[in-house]
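Quick one: the structure is below, questions incoming.
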């Protein structure tokens, strides 16, 4: 590959990756108007938000920690969406992963670390993958629309988790609706003490990278994209469409499940009823924001992590309700969309 | 020749389009100063290669596109349709190249769509249905207004389109390649019908690639090339070679030189193939045939008689039952069907956009649609972009496909060039057995000529070829033997002797071979 | 109109470093229930102690908890309340880094001498609810208990209620419904109606926001009920017989005062019960259509001392 | 179980079924319009929240439920306008915009609720729409309770569904909507304004979603709380598919959902049932899955251009 084409590619990539960032000011601007109307000082609010996300090394690592589950989920969803499967079920798949990881982390707790950590992660990934494949199976076998089935499976996964932590898996003391802590041998390494930054974040980045390569550089990814664009043509080309649907959902669910496992093994160390505050739904936006590009997901995941992280400090110090962050997230998505269309139009004109 | 165009306010002139310019974002100049003059009551053919700008010109007239420049006079007044509604209200009807029918609605619903204010209650469609039935009788169109469009054959849908235009009230009727999807009989019928309409005073603009049709039906012809008017001529004063030359800008070889058939061994044979269509009804019944080395077997038939199902079944894309299928002395089982590709079969599908191509993919990604998993295009599961690009560039050159860069999205190519990509990809695999379905449907003569030459070259190179086409001219031009298909069955075999055309037509209509010969 | 943006806490005669108290709430602080209780307690520290206060409705993910604790502690907060047992792990992880900060945990019985600055605070809702159950069984035909999710502060209050009711009549019909969330007022109301259809005429909701649906059902179907965690009389003025007031503020202000003065030296976790009659108490609604009769109030008062002395175990396992 | 209690049990469930189905049904019928025209709006949950909040705050401030409902509808229409602008005019991916709407709905209603109804304010309850007992009919045993003792917004669904069916299948407008979702170009060529049809359909969809949200605060519980919609927007999406993109289909599917929801709440009230409550709660969702799979033999296709921008 010659230098010019490398440069062109880099330019193209950075353009697509930075679009969300370019759109942030618009979203913040609209947010500021809402803040003003409600009687807050937007500058103060945003200053607090910035502080919360970036004031020092710890704050930044916390952003990365928050971004971790979003990157896992978003990168997986990018694969499903590329295959034109509208997986709204990452939330449930995340739960499935967290549950399996916890079970392994507790019940196989005596295993040595070098065995247990991989086992926990594999358990999470495969459990999430299975939960995702269930929807794919229903789609393939019965033609059941995945938007519906994945929504239903979300609820079911959450209820099963609720049952497990109030029933069979409740901690031995039996006091609270939570499981016992997983064995220390299952904990992921926090490599930058005293911060909590853990290997799970690295893993998320690696997963995003690998999924990027799979989607855009391998023949497997070629088939997944082909199925997503034109299943008829893909079938004609000898691609087994149903198998790809199953595979894409397995990858998507697997990544979400891995996210759940990492959340347990690196952060919470045990399972609660509500282990996810809606990561699965945020993940949809995280992926679509960067046009379902798994590499871009790293950026958009961090963006959302920073917004969330900052919002809490904004509430602490500027007394602005943190729910506002949902509004800002939504506005970011809309302005990215508008921005994307704008830059597309201007690009067309250039040519 | 442009000088010969009648000047202003000729009472005979119903439509005049002057210096029409229309471009699209991305630098496509579809119309670059087109002039067209149509006289009251004539049948006026518009002729031109793919992408010459015919459809765009008519779309401008019909209010679908706004021209960049130019003026239109219709019935001696400046005319400027902002949308199709304007056109319809001014009694312009258009039958579009791709059917504009909503399949899930009934015929009557399609016909009245857009005719009323939104709040109009359509509780009782009986009067509409009656009127359609009456019209359908008057025009001899035989259309049932209550059936759903999705249950109609292509020919019937075509009639619905025409009826729709007439129902809306048309003084000027535009038909964009209406015969591209019709059988010879249907085409014949349509042409007769249009003649009758014209005799009643209707003005018709007729777009086609088929020169015989032009000669047969039109009063005058306007030829477009590259978005410009080349000429308008009286049909009586011209001939097909001249028309072809004006279209393409060079002489066109109209007949194919084909070497004598040199029969070899059997390459492909099928015994008692049965296929059910999507609704579960038998579409192909006990179909048996064999194709020899260096031979083209043509399957003629009216569309909808099981040809699509036959092709899909053989390509392993549709479930089927059979006693035996043998390719190159290998007996194929049901499971193997999907692997036929690897065993030496190539398939040019009937609908390139639906099956042959993945539209948002690039040209080069489309070239590897079937071989993406094989070396050298893929190593250890990784695509080898450099190899793929080189390979694509060589194919583009070899098959003279007009495209700037092989990384360009294939959607940006013209229909003819898209078809060339499919043909190039399939032929480059040097297939033992080539299954070709409607290879030249809707592409211009230049491209048609090229594709047909390639098929013949492949035959001469030793391949066995099964050609399915509803275009009898094509069947006769290419085939060494002809099988006629009717309602899923073989009605008989005939040789491609031009004297046999009538018999083939009768077989296609369901007559038995005994009664025909 | 919104609250004024962050203004410095009324400094007054505060010492150089203002006393700061922070709250991690697991849900919106205006929920009219659990979270609001804590928020009001925080406000009390502001008014009574001149504390500088801050709160955060923390994202319900364990990842967020530790960060929120640290954000407060880093800013010099000496008193931080994690309002729920789910904050325990995070508090324990953070506490050793901030020896001068006290981390309090609601609905927790945590005490561990090795992390002496993490203290569980349990306000025993089962005790007032025991009294409610007792009243219901005396006055009613059956009771329905509607909870958000099955977590100890909820289930313990229900256990108390059932024990109280069964103390009067072991066959008194009383059942528990969980909604599975804290927001679905409509389902809460529908669950209440189910109980009423089934013959119950007492309702108790413990579901934060969703609890509003239970009050709504009392009002509409005219059945008895109780208010939880505060004075909810206005939501069903004729129907609510009594409110359980959790004046968390009263309890916390004490503690905070001690923390502020540096005199807080805990040796165990802290339990609030009926015995702390400024923190947990019951207020009868005199305006109810059928107020609780005086004899019954006397009986209930008698229960208080038995509960406080431990003679009655309000948390005894049900069946 | 004895006969009488079991009839009462059934009666209670059936009466609750319709109530529980109502908010979902409003949203689902609206979404039928939107999807028929080719636009899928997964932001229903957010729009319902916006409808609920604006209806509540106006009803609360003005004291008029009807005014609240009206403003709720207007807010829904405005949301639809914005949604349509992004998905139809800008041609953005409909799923992205829908996801954004869910966030915006959650954020803006939560934020405004905090700002406007600060902690420990005055009583925030409304006087909700009361049950209207239909004379005579409401005293029929069993059926009276099940069918004739509901509030006006529940009865409204009886008007809504036939009306929606009529509009979709018996008017030129409905014909255009159906055409626009199947084959917009065809509609375009006969003079149907595709963009306008899609805008209107989307706005009908969001207006009705807002009604569904408003129902929760004006006619069920008596005040807005954050997240009050509690997933009903997502259920409505499922109901549309399940009801095969038809108003009556949506009607029966939401009733089916309602009945399982009512059933699980009732079973929880029953003594001697020791099923973990989470399983009962999963019942409606499981049932939807099972029915979807079991009864989906005759596949009904979604509108052909669902999710695809025109041109």
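Read from first to last, the chains carry the letters A, B, C and D; within each, the first residue is number 1.
To be clear about the criterion, contacts are C-beta pairs under 8 Å (C-beta built on N, C-alpha and C of every residue); 3 or more make two chains touch, one makes a residue touch a chain.
The structure displayed is predicted, hence computed values, not measured ones.
Undergrad: Higher C-beta contact count, A-B or A-C?
TA: When A-C is set beside A-B, the one with more contacts is A-C.
Undergrad: How many angstrom between the C-alpha centroids of subunit B and subunit A?
TA: About 47 Å separates the centre of subunit A from that of subunit B.
Undergrad: CA centre of subunit A versus CA centre of subunit C: separation in Å?
TA: 35
Undergrad: Distance-wise, how many Å sit between the C-alpha centres of subunit A and subunit D, to the nearest whole number?
TA: Centres of subunit A and subunit D (C-alpha means) sit 29 Å apart.
Undergrad: Counting only Cα atoms for the centres, state how far subunit B is from subunit D in Å.
TA: Subunit B and subunit D have C-alpha centres separated by 46 Å.
Undergrad: Using the touch rule from the top of the page, what residues of subunit A touch 2 or more other chains?
TA: Where subunit A meets two or more other chains at a single residue, that happens at 38-39, 159, 162, 166, 321, 323.
Undergrad: Mark out which residues of subunit D touch at least two other chains, giving numbers and ranges.
TA: As it turns out, subunit D has residues touching two or more other chains at 110, 114-115, 226, 278, 281.
Undergrad: Please list, in label order, each pair of chains that touches.
TA: A-B, A-C, A-D, B-D, C-D
Undergrad: Touching subunit C in the complex: which residues of subunit D?
TA: Residues in contact with subunit C: 8-9, 11-12, 16, 19-20, 23, 110, 113-120, 123, 125, 128, 216, 220-223, 225-228, 230, 261-262, 265-266, 268-271, 277-278, 281.
Undergrad: What part of subunit B is in contact with subunit A in the complex they form?
TA: Subunit B reaches subunit A through residues 25-27, 315, 317, 338-339, 341, 347, 349, 354-361, 365, 368-370, 372-373, 377-378, 381-383, 386.
Undergrad: For subunit A, which residues are in contact with subunit B within the complex?
TA: Result: residues 1, 217-220, 222-223, 225-226, 229-230, 232-238, 348-349, 351 of subunit A touch subunit B.
Undergrad: Considering the complex alone, what residue numbers of subunit B touch subunit D?
TA: 62, 64, 83-85, 88, 94, 96, 98-105, 109-110, 112-123, 164, 168
Undergrad: Name, in rising order, each residue of subunit A that touches subunit C in their complex.
TA: Residues 38-41, 44-45, 48, 52, 58, 62, 65-66, 69, 158-159, 162, 166, 175-178, 181, 194, 196, 263, 267-270, 272-277, 279, 308-309, 312-313, 315-323.
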